[in-house]
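For reference, the structures are reproduced in the following blocks.
In the two assemblies presented below, chain A is common to both, partnered first by chain B and then by chain C.
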Partner chain A sequence: MADHLSKWYGKVVGINDFSVEIGPGVTGLLGPNGAGKSTFIKLLVGALRPSKGKLEVLGERVWGNRRVLGRIGYCPEHDGIYDDLTGAEFVAAMGRLGGMSADEAARRGLETLEQLGLAKAAGRLLREYSKGMRQRAKLAQALVHDPELLLFDEPLTGCDPLARVQITKMIKALGGAGKTVIVSSHILHEIESMTDEIVLLYKGQVLAEGNIYQIREMIDNHPHQIRIECDRPRELGQRLVASEDVRAIEFPGEEALVLETANPDGCYPLIPRLALEQGIKIRALTSPDNNLQAVFEYLTRDRGPEGVAPRDAQGRRS
Partner chain B sequence: MGIRDMGYKPYEGDLLPHRSRYRVLIRRALSLAWASGLVKTTLILGAFPVVICGVVMFLKLQAIQYVSKMAAGQAQGLISDPGDLVFTTIYWCQIWFAFVISLLVAAPTIAEDVRTGAFQFYFARPVSRNHYLVGKVAPVAILVAIISMGPALALAILRLALAGSGAEAASNLKWLLGTLVYGPLYALVLALPPVALSSLGRRAGGIQGLWASIFFLSWLLGEGVAAGANLPYLALLSIPTDLRLVGQLIYGLPPAYAIPWVLPAAVLLALVGGSAYLLLRRLGRVEVFS
Partner chain C sequence: MTSPSVGTAVRMIAGMSLRRARRSHTLWLALAVAVLLVASAVVSLLVGGAGLDFYDDALDVLLRYVVPLVMLLLGSSAVSEEVQAKTITYLFSRPIPRWSLPLGKYVGAVLVGLVLLLPATALTYLITMFGEADALLPEATRLLQGLFAVALAVLFFGAVAIAFGTMVTGYSFVAALFFLLIVEVGLSFAPGWIKVIVMTFHLRIVSGLYHPAAGDPSLPGLLAALIVLLLTGLWLVVAASWVVSTEYRTDK
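The block that comes next holds the complex of A and B.
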């Protein structure tokens, strides 16, 4: 529970007057880079000290409170892993720091790595791991001591599609088992795949919180761009422009087109279908809006001169 | 989907008390240090002087006995007692190895954690800043003590074992007791300052260079100027010389410089205290930003 929580680094504001209450289950922290997601998570894990306001985790203040820290599992965004340890050694070492005996930490470490699909790589040095494998090793160390509160900062970064599915399933399962799981991301569909409950952050403040579908609706009103890299962009563009979902098309290069749509859910299946019909080879399909920055700017522009949605009677923003 | 569907089992074992973190961190750091080939080589090479000094001690005692027999008890003072090899070993021989250990293990210890961002793993666990500090200083002090105090203790025990009488053993007990007092101080002086320096930056190489400069330049300037200009008090600038003067006091040997013993002791105390203060200031309330 955060009550008017603020954290600033010198003159830079990390989060500002932040009030939120998060219960069991999976909650997504969604916001563009610099929104304050990592700052909030670090405050929750006691790595940062609040500058102002009140923060309680599992009913207790968290800064310097070892009792609470033992009940938290944290997977940071950045690596910071000792490369000369094997996956099993790393996870076991973290279990030991969590208070487990050497035997228990080793046993649980292997068990957790196995759950995350790293059983075969457990004996390999972390420096030999791919980005996705390192990510899973970090998740394993967060889970090894079976904490009540799990904090995952951008957990899907760098993971391959299979690992994404595996981690997403695990996060949902943890939430389903009654644990409190907080996951941060700047990518909407990542959060959508894990939970319906989200807290929308922007410039260090809570912009909105609640069900993802309401927020999705707001976001969907914003024109969405899709960049397609293919061998015959003009031919594909001709077919696409006939669709009522497509608002505009640009050709930024010889082998690319960018379309603007108000209905991305309708467009994403349409593109491969048309390409298949025409025999056009698509090399890449990306959304320049993925970092959410444009969407958030759009949302805040619509919501008053301060750029932040007004609070309701409970102090929540809608 | 329930969590058990994924094969996940809640942990039902016991958790160890918070004080166990000291042991965990120290063991972890020691095993990491032992994994380094350079540290292992230094520790192995550091065992050679004690073997040589042990042989010298034995031969010197044989020579004393021989001359004593030949001169029918008139040999006293012709050959000095080899007990002072204990101090020669711990100071003159082992200081090089102890310094290398401090350079390899102490100087990078916190800087590496800052560089790799490992703080986020430590301090998101029930690990206090004190756990962390002790877990960083103690392994270095233990390794320095192994390489310095270990050989001196072995020689002191050898001297007692080679004593021909109870009275001779009693008169040589000072080498053992002196080492037990001097060894921990010696280890702290070579462990705390480089660990404190390590908290100042993130580049291990830079910290190592700084520590080597402080150690050797102070030695060179302090002793060089003190001897050259006949200004004994300048020797206080040298960390190794202060260590030497305090050692000579503890072992009851004549001091290298005519300086009141309290001064080098105060310099070492200030060095250790200042380093501890710096560490507490730097890490006591550290926040993890990245």
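The block that comes next holds the complex of A and C.
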């Protein structure tokens, strides 16, 4: 739980007046580079101290708190790793430093590496690993001591498609098993593939939080775009623009139009009705808003220099 | 999950540090410096200049220059390399006391230092005494004193190196070397009691190399050894305090 949390690096703002509460299951931290995702995760793992505000992890402050750190597994975003150790040695060493006995750490280390598809490479030095293998070894060290809270900073970086599927499944399973998993990414479909629960970050502040569909509801007062591919787009556009639900129309090509509306529920029945009346053939009707990218673009657009919307009565940002 | 004991944390960190050191240039440089000392004894023996006097000179060079240099090579980058390689994030996200990092690094550096420098000292003694077999045993206390002084020097300069490595994450070797040049070399030529802040002064007393002239300060060997140990502890406390209160950024 972060309450008005701020972290500054000298004059540079890492995160600013950041309030969020995250419960069990998978939560995605989403934002562009520099949004404050890694700073927030480093604060959660006690690698950084808050400059201001309150931060509690598993009900306690985290900086220098060994009791809490023993319940956290952290996979950093950087590629640094102990190159002179084998995969098995690295994961077992992290298990030992997590409080496991030597035998238990060695056994659990091998099991975790196997889960991540690294069983055959366990005896090889980490410097010989590919980027994707190193990423999986980093994940293994975060999992080896079976922590309650897992912090994965850009966990799919450098992974091949097969490993991505494997890791995504594993993260979902961990969330399903009741663990609290926080995953950061600046790539929207990565987060979408893991969870619906997201926290959108922008310029060190929480832009929105909650279920992706709830967030979609929150932005209903923003224009919703509908792209129509048809044979006579200008003719259809002329009819549509007469509707009070349609705010604007663009023609991105000879056979397409994109309309903006504040009332998508009114527009979706209107479009086929007008097309039918005019005898216009519609080939495709798509809404770019149906993915997280559009939500993110809406929320980060036209926010002024701060880029952040004010909070509503429930304390959520809209 | 319980937290590991401090002993386990220190042992693991020292072990990982030694694994990393095996591949680093600094270990080979430190080994080369130690070998050079032995080689100079061999050359001295071959040209007929060996003997107790040579051993005393060699021990003096060892305490003043070789041990500090070797320990700076081994210890000054031990913590900073964790920061630069960003591997410090793995250690500080574990339930271990933050100060176990410099302590583990210190143990690793001291072990290597002792393994390199004690045999080098003993070998130098044996080689220089090669032609004086009759004096080998009667003068053995000088060897023991020398070994003790070298061990103390390893402990002290190791602590200085680790402290600089925790406080200065870039150019820690240069910073520590600069400090030692000013204090240990520069002040060693100072007159009177100013010398007592120079650890090589105490180490030379412990080793039996120090023969005060009239007006020169003098201390009992045991007190000199205790002062060195006290200062070693102080430097380690500085390193530990620094690590406990410092955020090491790995995103630069």
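Just so it is clear, the second predicted complex is superposed on the first by the 224 of 318 C-alpha atoms of A that agree within 3 Å, B and C clash if a C-alpha of one lies under 4 Å from a C-alpha of the other, contacts with A are read in each partner's own complex, and residues count from 1 in each chain.
Methods note: a contact is a pair of C-beta atoms (placed from the backbone, for glycine too) under 8 Å apart; a residue touches a chain by one contact, two chains touch by 3 or more.
All of these numbers come straight from a predicted model, not from anything done at the bench.
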Chain C versus chain B on the shared chain A, clash or fit after superposition: clash
Touched partner set for A:Arg164, first chain B, second chain C, both or neither: neither
Chain B versus chain C as contact partner of A:Arg247, first or second or both or neither: neither
Which of chain B and chain C A:Lys172 touches, first, second, both or neither: first
Touched partner set for A:His4, first chain B, second chain C, both or neither: neither
Contact breadth on chain A, by residue count: chain C or chain B: B
Contacts of A:Gln115 with chain B and chain C, given as first, second, both or neither: first
Partner chain in contact with A:Gly64 - chain B first, chain C second, else both or neither: both
Which superposed partner A:Glu104 touches (first chain B, second chain C, both, neither): first
Shared contact residues on chain A - chain B and chain C: 9, 45-49, 64, 66-67, 69-70, 72, 74, 76, 78-82, 84, 93-94, 96-100, 141, 145-146
List of chain A residues in touch with chain B within their complex: 9, 42, 45-49, 64, 66-67, 69-70, 72, 74, 76, 78-82, 84, 93-94, 96-101, 104, 108, 111, 114-115, 141, 143, 145-146, 169-170, 172-174, 176-177, 179
Residues on chain C engaged by chain A in the complex (per definition of touch): 1-4, 8-9, 12, 15-16, 19-20, 22-23, 85-87, 89-98, 244, 247-251
Chain A to chain C touching residues, read off their complex: 9, 38, 45-49, 64, 66-67, 69-72, 74, 76, 78-82, 84-85, 93-94, 96-100, 141, 145-147
Of all residues in chain B, those that touch chain A in their complex: 1-11, 13-18, 20-21, 24-25, 28, 32, 35, 116-128, 285, 287-290
